[in-house]
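Across the two complexes that follow, chain A remains constant while its partner is chain B and subsequently chain C.
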Partner chain A sequence: MAELTADHLPAVAHDDHGHMSEEEHNNNMKLGVWLYLASEIVIFSIMIVGYIIFRINEEDIVAQAHEELGVGLVTANTFVLLASSFFMVMGLRAMQQGNRAGMLRWIGLTALGGIVFLGGQYIEYSELAHLGIVLGFDTASEWSTFGMRFYAPTFFHGAHVFVGVLWALEVLRRGARGRYDNNPIGIEMFGLYWHFVDVVWIMLFTLIYLV
Partner chain B sequence: MAEAMRHEGERHSNTVRLLGREITVEGGVYTVVFGALAVLTVIEVLSAEFLKGAIHDLPEAAATLQAIKAILLLGIAIIKSSLVIWFYMHLKSEKPLIAVVILLPLLIAGLSIMYLLAIPPSGYGV
Partner chain C sequence: MATIAVPLGAQAEQQEAEAIRRPALSEYLRWSVDHKIIGVQYGVSSFLFFLIGGAMAMGIRLELWTPELDLMVSGAAYNSLFTIHGTIMIFLFIIPMWAAFGNFVVPLQLGAKDMAFPWLNAFAFWLIPPAAIVVLLGYFVSPAEAGWTSYPPLSTLFSGDGQTLWALGAHLLGISSIMGSINFIVTILNMRPPEMTIWRMPLLCWAVLATSIIAVMATPFLAGALTLLLLDRVAGTTFFDAAGGGDVLLWQNIFWFYSHPAVYIMVLPGMGVLSEVLSIHSRKPVFGYRMVGLSSMGIAFVGFTVWAHHMFTSLQPELRIPFMITTMIIAVPTGIKMFSWLGTIWGGKIRFTSAMLFALGFLSLFVIGGITGVMLAALPFDIHVHDTYFVVSHFHFVLFGGSVFAIYAALYHWFPKVTGRMMNERLGVIHFFFTYFGFLFTFFPMHIVGMLGMPRRVAVYAEGFQAWNQLISLSAFVLGFSTFIVVYNVIKSYYHGPIAGANPWRALTLEWQTTSPPPPTNFVDDPIPFEEPYGYGTEASAAYLDAVDEAFSRGAPNPASGH
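This part shows the complex of A and B:
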């Protein structure tokens, strides 16, 4: 049996006191977020599959829904979310360059983008409610089958944006106190979540509003 | 280590090599990617509106045009998503394990979608 000596151990694993190195700690934190996002993919996939099957089987209702929905407001909202993703990555970049003020400015803009997106979604939902496109509890309504397929993924996504805004505000609070000056992993973890929310919206926007 | 440092340098550089030319812009590759995302979104929306009109005007070719529309728009959406994941989420510089973590559920979801789509709308008539 090969003798196990210190030479055989990974160089970056632990220090003399058994503590992880910062690099390994950061990698573990990121892996944790990626695993969480993998579980989110499965949840969103279920909703997307439900919509796709409905889309194939109920072409007339979806075509009518597209007429009612329009693309103006939701396209503007999509641009806001794409821009917020850009602000997010610029915030991380600023912190990695040691620019705390820049990071606070960019992450602040990210949170603002999320709030504007939620405002746009609220306006859209209000307009749709006026048109009678509501959740599918009223079986007499012609929209009864469409409502749930539309609101479930978009509202679930909106809830993620809401959580993201809260997270951004927490990053701002911690960042202002210098928490990320030496190790910006907390910003990077939030960034992974925020960009994922953006990726989900890119797919939902195309599937629900355009195709 | 050298690879990691190279990626770190790319993230912080304002100079990007694009279509054989070097361009300098504040934010570097991140700004270029945002520009690409914005342009692709405009193309996506304009294509959708154009094809919607074409489907309305040519009902005899509606099925074909609808298929073209779906493939084109989903293709653009996948390109946009990939840009965000590759550059903004830095999958480009992550370990291969991360790619496996994210691709595995996508593969399972894709297979599940194929399976569910194969079920006839009326069920199996049991």
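This part shows the complex of A and C:
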């Protein structure tokens, strides 16, 4: 007992960090979002791989689909989504420089970009529906096996854009109240998500429309 | 002496004033973000599902008492019974049960005040009741009949709407599991005290970390597969229907790419528990600590490369051998753990507590399950016993003989910390013997009927198997009965068990360096971990433990004193 030193003690007051520091909190949040995105990649990759296998096996149907799909609208849409990612970066930068009004403007543009993208996707889906490309299997349609492989990943991605728009609006609401003035981590987390959605779209765009 | 008595004394008094109080039972029924409450919520609810799933197993064994249909109205009814039995046991019992121990113990072992994301933690738990309701409702509406693995076309063209509800429920449970695992990873990586490097982390934390990495990377495969299954069932797609340009094997590939890693989700935390319990109850350091931690990661990694061994009969023949090899490789990190456990208790001062008995039970049963696993990996043997009771026996040896025995070991080991009371050891020993022999005589004979050719998933079997099946059913009823002993023990001990004190097992990990139950913030001051989490048998560790005893014992009887 005599040589007992502080090292042996189970509990001695050394310094007082009863609550998590801001840095710890931010690190936790960021790691959490990264892990969440890792799990999202898996779900998307199932649909992407499913599409690739289809693409390899059914070249004719895909070639025909490419003719019908056209890339005009979707290219514009892709550009809008890319631009919104840029707005996102500018929004975070504005907040880091303490410019709340600038942040609100840029994040507002980000949300708008997402909405425009969803609108474009809606128009595209309606046109495809007119061509007879539908989700369910239909023996009468020559498209019957293409529809599900096209709609599943693009709609799943669209749902992510929709959630992203809601998230952006929430960031705007909180940001307007000064929530991020001292710690913009909330904007950064949304940014990670938004860039991820963007990157997934670039993959889908390349795979489904270009090659 | 005087110099140390002051801060410790102050700490203990402060804690006693604040907290020896147990949370009121009503606090467990409400939304709470305290990881200790959530841990108990997970534990009690999954144990209830264990009882329900167990009652269904009794129904299965009753049906199999005779070779004809008697209890069930049809083979389809029998199909839905074992489907819901498997679903409940895997998705609603074992996986959330490990979240229970992970939640309660991991933040305490790390000396943290809570998990990294307390709100997310509560949310992940509260997804389970609605998911369970959806799955169970499905059973009563028009039940799923495709087994817990839900292979199409059984699950697309033949099962009723219950299969859709099954998929929705499984989806919710998957989301819950992913959120819980993200929380564990962030907590374990970011919230250790500065003194605790990753190589000084308790092995339960290593195991939960490996488990959570698997859950985050594998469960989304289930989510993706279920999404496609739901589309096939509801939206008319044909992802899994060859007649519509789909691929039946796609489901088997994606499902097992999730579900094989998921069997390690079900057993890795149990392996962590084993390292804790065997070391503490035999007063010896864990043998080969680093290799044990790394072997958890090894299992997590190799676990992703073996999935197609579930598909030996449907796989392209040239792919069988590679999967046979990877499957056998995974026995290596598991073997490392086996030898570490034996090395740990070798020459130790073994105390045959209930927790220790169940841990030793795990050792003896899991090794059989592991060996039959390697047997099944051997292609020629697998083709012979494919879809027979040999397979049923194998996975019950690893999931019951492994996971459930580890769950019981963990229960007896941490119950004093959770409730502040010791469990009744005599009842614990009785429980152990009923469970062990009930288990052994239920599942060991299944190897034999399996090799003799009795197929699994049938209600009507050849008459020659009746004697074996009656032996199996009788033992299963003993096994079922044994559960009531532990339920009685838990309730009785919760109210009347002897006061446990802070550290009844004289353990070095941090969860024992606070009151039982711990105060809401877990520790009054930041605790300093002992230099080695399992450094038993040294003078320094004895001094550390004496200091803890002195700080926290205020006349509380210490049932495990003497070291």
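Basically, the second predicted complex is superposed on the first by the 195 of 211 C-alpha atoms of A that agree within 3 Å, B and C clash if a C-alpha of one lies under 4 Å from a C-alpha of the other, contacts with A are read in each partner's own complex, and residues count from 1 in each chain.
The rule is simple: a residue touches a chain if its C-beta (ideal position, glycine included) is under 8 Å from a C-beta of that chain, and two chains touch if they have at least 3 such contacts.
The structure presented is a predicted model; accordingly, all values stated were derived computationally and were not measured.
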Chain B versus chain C as contact partner of A:152, first or second or both or neither: second
Partner chain(s) touched by A:71 [first = chain B, second = chain C, both, neither]: first
Which superposed partner A:31 touches (first chain B, second chain C, both, neither): both
Partner chain(s) touched by A:47 [first = chain B, second = chain C, both, neither]: second
Which of chain B and chain C A:39 touches, first, second, both or neither: both
Touched partner set for A:135, first chain B, second chain C, both or neither: second
Chain A positions touched by chain B in one structure and by chain C in the second: 27, 31, 35, 38-39, 41-42
List of chain C residues in touch with chain A within their complex: 1, 4, 7-8, 11, 113, 116-117, 120, 178, 181-183, 185-186, 189-191, 216-221, 223-225, 227-228, 231, 235-239, 241, 244-246, 250, 254, 510, 513-514, 521, 523-528, 530-531, 540, 543-544, 546-548, 551
Chain B to chain A touching residues, read off their complex: 8, 11-12, 27, 30-31, 33-34, 37-38, 41, 44-45, 48-49, 52, 69-70, 73-74, 76-77, 80-81, 84-85, 87-89, 94-95, 97-98, 101-102, 104-106, 108-109, 112-113, 116-117, 121
Residue ranges of chain A in contact with chain C within the complex: 1-4, 6-15, 17-18, 24, 27-28, 31-32, 35-36, 38-43, 46-47, 50, 135-139, 144-145, 147-148, 152, 156
Of all residues in chain A, those that touch chain B in their complex: 27, 30-31, 34-35, 37-39, 41-42, 45, 48-49, 52-53, 56-57, 66, 71, 75, 78-79, 82-83, 85-86, 88-90, 93, 96-97, 191-192, 195-196, 198-199, 202-203, 205-207, 210-211
